[in-house]
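Letters A, B and C name the chains as they come in the text, with residue numbers starting at 1 for each one.
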């Protein structure tokens, strides 16, 4: 079940990566690279830090899914753009799933709850950061005015607490993911913003 | 023999990295860093993913070779620029060698042919991507209009198939490398281009 | 004792990362990310290459220290900016400590002196490079005109030699760190510059 949740997250993250590729007029190779990096980058970072072979390099689904997403965007990007509000909802779902699954895997490998949650956040936001670095734009993570990392922190923290209380398996994962998803959606809807340093005003 | 092929690839990749440094008017340190990152980055990424200590941090040749290339460019960059068409041929040779050697090493460590080929491509293009990110330019990999990743995919795929057929050792490595090299040279010569997403036109 | 030296280095590097965040008008999340990446990035790179679990993901102090530095900058950045000359001295101290500690750890794990010194330099400059890439500026390492990497090379080299002579433990670490620190301070004070490639002039 966690495997299925993971593949869904990979698929929607790959869609967002491939769309950045289309907008920057990259070719098929660039689109496939951005799709794969966005979808798999966070998990690869997580596995490198856990010192285990990255899941992306041992499962066929992890390779085929981002390529399928890139192909869909390649042929039908106007249609995908039109349903972007839906894709953004999926992206929030991917964020929630990745932070919950990442935290759980880190706890399985014996990290402390604090570090597991940190690694969960890394899993959730790492792929997007790598996508932005490759595409030459400042990572949206750093201008997190509409809360992207904060929902991941909430989901990762809740997952770590549930795990410590011996609640794991997919219902716990899903609960943590839904919390992160909900905060992310609410943040976009109600324009929650992370604060700027004291005395600093936003760029006009 | 594979060790020698590897060092040749490292040398030509380091030349290309150091030349980017000169063109951006970086100093000796910046040139040495770009040379080393271009030459060693792909292999280090590969070894991190394989979860083995990076070869670059256990062999003296892997450290001395990029520094020698950087020194040559430091003193004789006008001459090196003049023979750039030759250097581009060598860069294609490095691409071929790295994708073949990387795929073979990944198969040695038990990855599936699909994942081994993927890691071979990563080995071949990773150093150039890191060079471009450090130097602040969009990775040429993403604007792969003249086929850079595609030849690496061909070479890696052929190497993986040969390996499955129990054909490995340096003649197989060289055969896969020559194929990738040939496609890369032909792509530059005949302007093969990767397709853009449907309905997207190239920037004028 | 080495642990204390390490945390001091992490704190001052995190201050410099958070200050870059304020100058670029990033929000609290962006500041915390830049602080953590600057402070921990070099050590994480070192531990990934040594193939050991990153210290940052097993010690509480390594997570709390950068966050505390980010909070200080968040509330009192004008005051921190005013003492920037002092912070730059601390940054030089962090550079010295990180190159010495990194080299020593690499020797502990059995790398050759040459590779241990290379990894020590990576530890010292890696966080700053990641900070600059995330913040979208060309890594200062590449425009090393006022010697940033060179002092780290000196400190790492001396540490490796001391270690080979069986002199390790914190007095040796401190001696190597002080040497690197001294050269860095002198380089800023007396404007030592790394040379440009033959025939290249600095950009006006």
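Heads up, the rule we're going with is that a contact is a pair of C-beta atoms (placed from the backbone, for glycine too) under 8 Å apart; a residue touches a chain by one contact, two chains touch by 3 or more.
If you're wondering where the values come from, they're calculated on a predicted model, not measured in any experiment.
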Chain B on chain C, rotation in degrees - Cα superposition, rounded to nearest 5: 120
Interface residue overlap between copies chain A and chain B, same or different (over half shared): different
Chain centre separation in whole Å, for chain B relative to chain A (CA means): 29
Numbers and ranges of chain B residues touching at least 2 other chains: 48, 51, 133
Contact set on chain A toward chain B in their complex: 21-22, 24-31, 33-34, 44, 48, 51-54, 57-58, 60, 63, 73-78, 133-136
Interfacial residue positions of chain B with respect to chain A in the complex: 48-51, 111-112, 114-115, 118-119, 129, 133, 137-139, 141-145, 148-150, 193-203
